[in-house]
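Presented sequentially are two complexes of chain A, the first with chain B as partner and the second with chain C.
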Partner chain A sequence: MTALPPRTDRKLGLVIDLDTCVGCHACVTACKGWNDQAYGAPLSDMNAYGSDPCGTFLNRVHSYELTPPDGPPQVVNLPRSCLHCDDAPCVTVCPTGASYKRAEDGIVLVNEDACIGCGLCAWACPYGAREMDAAAGVMKKCTLCVDRIYNEALPEEDRIPACVRTCPTGARHFGDLGDPDSAVSRLVAERGGVELMPEQGTRPVNRYLPPRKKGPAPVVQPLQRDEEPTGVAAWLDRILGVF
Partner chain B sequence: MTHQAPQPELSPRIADEVRQTTCYMCACRCGINVHLKSGRVVYIDGNRDHPVNRGVLCAKGASGIMQVTAPSRLRAPLKRVGPRGSGAFEEISWDEALEIATGWLKPLRETAPEKLAFFTGRDQSQSFTGFWAQAFGTPNYAAHGGFCSVNMAAAGIYTMGGAFWEFGAPDWDRARLFILFGVAEDHDSNPIKMGIGKLKARGARVISVNPVRSGYSAVADDWYGITPGTDGLLILSLIHLLLKAGKIDLDYLARWTNAPCLFGPDGLLMRDSEDRLVVVDRRSGKLVPIDAPGIVPDLGAEHDGMRTVFRHLAERYLSDQYAPEKVAARTGISASRIRALAGEIATAFDQPVTIHQPWTDFRGERHDRMVGRPIAFHAMRGISAHSNGFQTARALHLLQILLGAVETPGGFRFKPPYPKPFDAHPAPHAECRPGQPLKGPHLGYPRGPEDLALRPDGSPARIDKAFTWENPLSAHGLMHMVIPNAHAGDPYRIDTLFLYMANMAWNSSMNTAEVMRMLTDRDENGEYRIPRIIYSDAYASEMVAYADLVLPDTTYLERHDCISLLDRPIGEPEAAADAIRWPVVEPDRDVRPFQSVLIDLAVRLKLPGFVDESGQALYRDYADYMVRHERKPGVGPLMGWRGDGSKTGRGAPNPKQIDRYIQNGGFCIAHIPPEAAFFKPWNSAYQDWAVQLGLYDRPLPYLFSLWSEPLQRFRRAAEGHGPLQPPDHLRARLARAMDPLPFWEPPFGDADAEEYPLHAITQRPMAMYHSWGSQNAWLRQIHAQDPLYIPIDLWRKLEFQPGDFVRVSSSTGQITVPAAPMAAVNGSTLWTWNAIGKRRGAWALDPDAPEGTKGFLLNHLIHELLPGSGAGRLPNSDPVTGQAAWFDLRVRIERVPPQPVSQPVFEPLISPVPPAPRNRP
Partner chain C sequence: MHPAPSIIIFTTLSGAGFGMLAWLALGAVPVGGMPALLFWGMGYALAIGGLVASTFHLGNPQRALLAFTQWRTSWLSREAWASAMTLVILAPVALAAILGIRVPVVIGVIGALMCIATVVTTGMIYAQMKTVPRWNTWMTPVQFVLFSLTGGAILSLQLSDAVVLCVLLATALVAVYAMGDARVREVFPSTQSAIGSGRNVETRALFAPHSGPNYVMKEMIHVVGRKHSRRLRVLSVLLAAIIPALLMLFAPGQDILPIVAVLHLTGALAARWLFFAEAEHVVGLYYGAGPGTTRN
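The block that comes next holds the complex of A and B.
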């Protein structure tokens, strides 16, 4: 089994704003496009034009309906990808050392050369964030675009994960969650960002910002029935009188 | 095993070149960076400098790589060899294809140009395709607006000189309240998402009024799950409440709208001897021209039996019929919720936004600042695709104008070339003569009955009956009626139907099965009732199978295009902008860009404007046309780098223009000076800037039309006034529909309400554009399967179980399709994603692909004619504009146990392209 680093210098990760995510899947295909070309084997699509198309995606968006007790039903869109856990069970379960967590930035990666495609890591991940590529036979997962964020061939402003760069609503944020003064850490503090499934004890790095409370604006008074019965002429006098 | 950390390659180069062009994965027109390796597209992301998307890109945009490599791409011109509709073709050469087309078209032009019907679907080159049709001389040209959102466009143009989306945008940086009505999520795609992100980051309120709480509605702070077709009633109730509470901007109304204009019994606005609108000046009490310096127009005036528009308006909307308690049941929104919504609007109204920027209005008055109400609206197909959609869209524009929230800080802002009043647009032209071009553009904005497209005997001049008494203001034509009318020979038979990029044999037609029959139906002589069909598309869509001749187009990455100010440009509220596409990769098939093919055909047909006096071609191809064509001296399709390269807007053609666009990332932007950035219809600095840029030839200040005179002119005709008179059977309908003040009545579809109590609508998914996405290996993994969503209470009541199907019946037809429950939806509304279903054999999908087995269309349930209109064959459309009333649909349902396939099932088409490879890569 594979060891985790005792500590990481930084905790790079994503902060995903569920109040703003419209579920457009832009991050899904931007991720697919970049990672089809970059890190490791391409992301295959089996039966691509057939009855049960089955491709490898490192990031997917799920939409859930929920009906709160005190309001109308809602739809919440939940983008899901690797959370780069501090106590990553997918790493410790790996029999070959292919899965590993980087000491310098906390990113969890798969060394595809060492991956035997046993799939144990996918079983161990409580988030379903790993996908076995059916063509390459190796485990694929979010790399946090490790080959973009340090990529000297890219303009500096593009050295962010593809999903973050493309997100039209700006619901995805990238940064060092180990630094309490980073923009992402401050955002998490301001908005009460949460871990996904903390009870699993994986200590994920990524955070989700919960949807703001929905419903009528708290301070607004509804326009009440007019007290005086006016008629059009009286209304005109009143309204134009003050004009 | 101890911690091991191999070092991955951190700086790979996935591409050796990046080329910047314009996306066409939907209609949004974002700037894209196409990354190429050895000439092959490897990655697409957003252009950070582009005014539309500022670097972001949607799911469709990033999946363009799967579109440009789709197995459904047509490979060569096709000639039909089997029965029409079978899909049996042989590949032919371009020479042969163009000879055939010329052989069909030339005699028509010489004898009866109207026998060519040329309709161009989701065309982004309408100023060019329209110019071609005008040169050919047929009156029968339009694009797809008639079945899309012409109600929104026409209501906006007639009311305020522009509408939503391409015409304008919310002031995302200043609005405190943003209200969305019934949006299709591709109109607008990335800009609205970016805007919602900005609003949320500032803590502004977002409210959605939509029967379905998905997408943008899902993130809205509050949601009003309205009953389809009743938005107009809700809006008029909001107007009622805001009027009563005095939350309207009187100063704005007095200065910038026709609220202070006067009219008497004829309903026509009072003018002076020089034909200028007049108002009563509050200071002097005298009648003065509306543009006189220093006046204060009196909103409450009465003069000589005439009263102001404002008085009429107040009388109508203060009426108790619009009280929330009266409209609650119909709209499905409780009276207290309506009051709460009005309250939110009133609260934002009371927090004006000020920009300390002096400006001068068209009366010469200098203002020291710009003040607005921070309330912005956006709406699209959801409210407009109803038979009451025009007046509903008018009502929404009236609401924003009453609030003083149009072209003011925090409100809705026009994008150049808008604002542009209806009377600065052309009127429609339809008079055709053999061998001659049409005298002007086909589409326009009628001012009154004299602008209708009628023949001397009063019959419709156009095959789609646009601009007739049935739908006088059909500014985008009625593409959805072309095939039914051509089949019926009503108003006349045609010879050749020439379509581009419009899937009329599937998702773009109402009553699809019947339309497929019409396309293959034969007359008493055994000839096809529509004798010839030419179709151009890049892909093996369902419509391809119904063509006799197929002209294969390139994909959007293999072609030149211009996103032109003459057409549907990409302006922003603070800039005019236009853009190009250019071949960032070369086609690997025997295909040609459609616009260049049209130029080739025009030369073969010797069409004026395309050949010189000796018959020689004026343009080599579309790229050459984009650069050298001039609509008027110095003004061409592209505004940037004209003349010696230093001129923007006006200037001589510059042979290096396209190179300059490419160097600049594929677009050109011309910023509006700060002094001209708001109050554009009345702002002298804006008007002068627009003239300089070539948008207008002289300043065109105008007033917003709360009272619409063109509508009143039609209503007067319906009431028996004037020389041009409608047929008697349309008088009552016209007199009602052409109300010059917005009103609400139930959509025509509600006639079926008793037998069919439920509504059924579609929503546009954000990750799939119409039918185009089905061939896309990535996007179809997001949206290949699609149930009909049933409100949860109904689901339980009818004891549906997971996996069940639902039989849906309307007065037109029946479908049996997969069902699923949903809670966040109006309780009487079923819905599904638009156009996921495909016909087997199309789009190079496997025969067992779910799009063909489980996918479905609601179209089979929607008739193209109004039930009961009999021989009159009235379209199932808005009576003002002819917009297809898709969302009027009424249905009933029953539970059906799980089925292997959806119904109806059609014969599979023979695919014109080889089977797709199984896996990728």
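The block that comes next holds the complex of A and C.
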């Protein structure tokens, strides 16, 4: 059913720390690796070894230059994936009922057996979180690794999304953002976590932690002369100054 | 936006087809015999042909019937229902017209209203997209309905009505272009909002996540048409509305109508192509391609 549930028992999602993310793309690789062999159609690559490769990914890491009014410019890496919105526009536009949001944990999923590949849900998403798989002709999106997080065949420490499990800097956190006492909710409260494009009215679940405030940039004058020359240098300085 | 060519052809042709069926349902052409068969046949061919073309861009067209299931929430599903129901309701009207039998006027009126409702559902598929501020206005369905009724009037030889509709269409198109620009200026989100960096933090896309293109870029960050948008806007208004109106006014008679129809449909296709090519999707912000970007 493409009607959104009136409320969800939990709001599972990600909290991504933009202060800690180094832009290594390990989450991208881990995501592609896991979702190539598990839930639904594999994420295909087109012309992978040719001159114009193109493939399906559920997670993309962008890099931006941010210049605050009172500080030096800094590079910020922004991993972009499905935000599992409360008011997910991708769900309600779906004509076949393939797109749905789960009432029990808020995860937005695609039933690939019912997807006709019309692409309308990708148009409706402000975040570019959905990509049509060119080989399977069905819409792919982040499943929050629904086949890992409840998977009792996996060791307990692996029952988190592949991107979170693999992140070498601990920039990605997984948990219930509907519970104000959960670790992720406390992290968001502590660090002032933000929603992306709130004016689109999607009420995303995922939150991004802004980079921590840095002090002013150190003033470095590259050719600064610290002391007066002495000896031969002083003599040269004097002689050259004549011309 | 970069839609499949089948979508441009579908929305234009089936729009004109449903407009034509609306005029025919209201008794535009005399009932009975070959002329009625030809006109109704053409109306049905355009409407159905467009619907069939719309399945060409699907990844899995064999499941297209599932699109009838979600009419409670999805405008695309409502469009499927509206178009199918309209074609069914109008079938006895068409048959009666061809056989020269009179049917109660009320069925024709209901059929004509259903035709307009179908075109409204098509327009709403685009108008509902908050992600494309240029489309996200009530002018989108108005534009679609005016194109449909004007094309339909020309194809079903309704000279005086067609002239009036051409004038309305020209006015509407000028308004659509002006309002679309204003809407993009007013409500398009900022890059700061897209990445959550804060209002007074200068934010610049540094490098893309991938060296090649991807589905999102190909589908939604298509900017090829924007370079020529001014010329195409003028061309669409001239071809779809102003030149047809002048021809019908100053060269009256039905002989001119095939030329008028070709001119109008060419203009309609240009306008529909521009409708997609000019549409800036907010996801472009992540790739440093905000509104006004003319090159990738």
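FYI, the second predicted complex is superposed on the first by the 214 of 243 C-alpha atoms of A that agree within 3 Å, B and C clash if a C-alpha of one lies under 4 Å from a C-alpha of the other, contacts with A are read in each partner's own complex, and residues count from 1 in each chain.
The working rule: contacts are C-beta pairs under 8 Å (C-beta built on N, C-alpha and C of every residue); 3 or more make two chains touch, one makes a residue touch a chain.
These figures come from a predicted structure and were not determined experimentally.
J.: Classify the contacts of A:152 with the two partner chains as first (chain B alone), second (chain C alone), both, or neither.
T.: After superposing on A, A:152 lies in contact with chain B but is clear of chain C.
J.: Who touches more of chain A, chain B or chain C?
T.: Per-residue touch count on chain A favours B.
J.: Could you tell me if A:167 is touching chain B, chain C, both of them or neither one (first, second, both, neither)?
T.: first
J.: Identify the partner contact of A:123: answer first if only chain B is touched, second if only chain C is, both if each is, neither if none is.
T.: second
J.: Would you check which partner chain A:201 touches, where first means chain B only, second means chain C only, and both and neither mean what they say?
T.: second
J.: State whether A:53 touches chain B only (first), chain C only (second), both chains, or neither.
T.: So A:53 meets both chain B and chain C here.
J.: Counting only touches as set out at the top, which of chain B and chain C does A:189 meet: first, second, both, neither?
T.: neither
J.: Is A:65 contacted by the first partner chain B, the second partner chain C, both or neither?
T.: Once the two structures are laid over each other on A, A:65 reaches both partners.
J.: Which partner does A:239 contact after superposing on A: first (chain B), second (chain C), both, neither?
T.: So A:239 only meets chain B here.
J.: Once the two structures are superposed, pull the chain A residues common to the chain B and chain C interfaces.
T.: 1-3, 25, 28, 52-55, 57, 63, 65, 67, 75-76, 97, 114
J.: Quick check: in the complex, which residue numbers of chain B touch chain A?
T.: 1-6, 8-14, 42-46, 48, 53, 55-63, 65, 71, 185, 189-190, 193-194, 196-198, 200-201, 205, 213-223, 225, 241-248, 250-251, 254, 299-300, 311, 314-315, 318, 336-337, 339-340, 342-344, 346-347, 766-767, 775, 777-782, 784, 792, 822-824, 844-846, 848-850, 853, 916-921
J.: Within their complex, state which residues of chain A touch chain C.
T.: Contact set of chain A toward chain C: 1-3, 18, 25, 28, 52-57, 60-69, 75-76, 78, 80, 89, 91-98, 114-120, 122-128, 131-134, 136-139, 194-201, 208, 210.
J.: Inside the complex, what are the residues of chain A that reach chain B?
T.: 1-6, 17, 19-26, 28-30, 32-34, 36-39, 42, 44-55, 57, 63, 65, 67, 72-77, 97, 100-103, 109, 111, 113-114, 135, 143, 146-147, 150-153, 157, 162, 165-171, 211-212, 214-217, 219-224, 226, 230, 232, 235-236, 238-240, 242-243
J.: Under the definition above, what is the set of chain C residues touching chain A in their complex?
T.: Touch list, chain C to chain A: 1, 57-61, 63-64, 66-70, 72-77, 80, 125, 128-132, 187, 189, 191, 193-198, 200-210, 212-216, 219-220, 281-283, 286-287.
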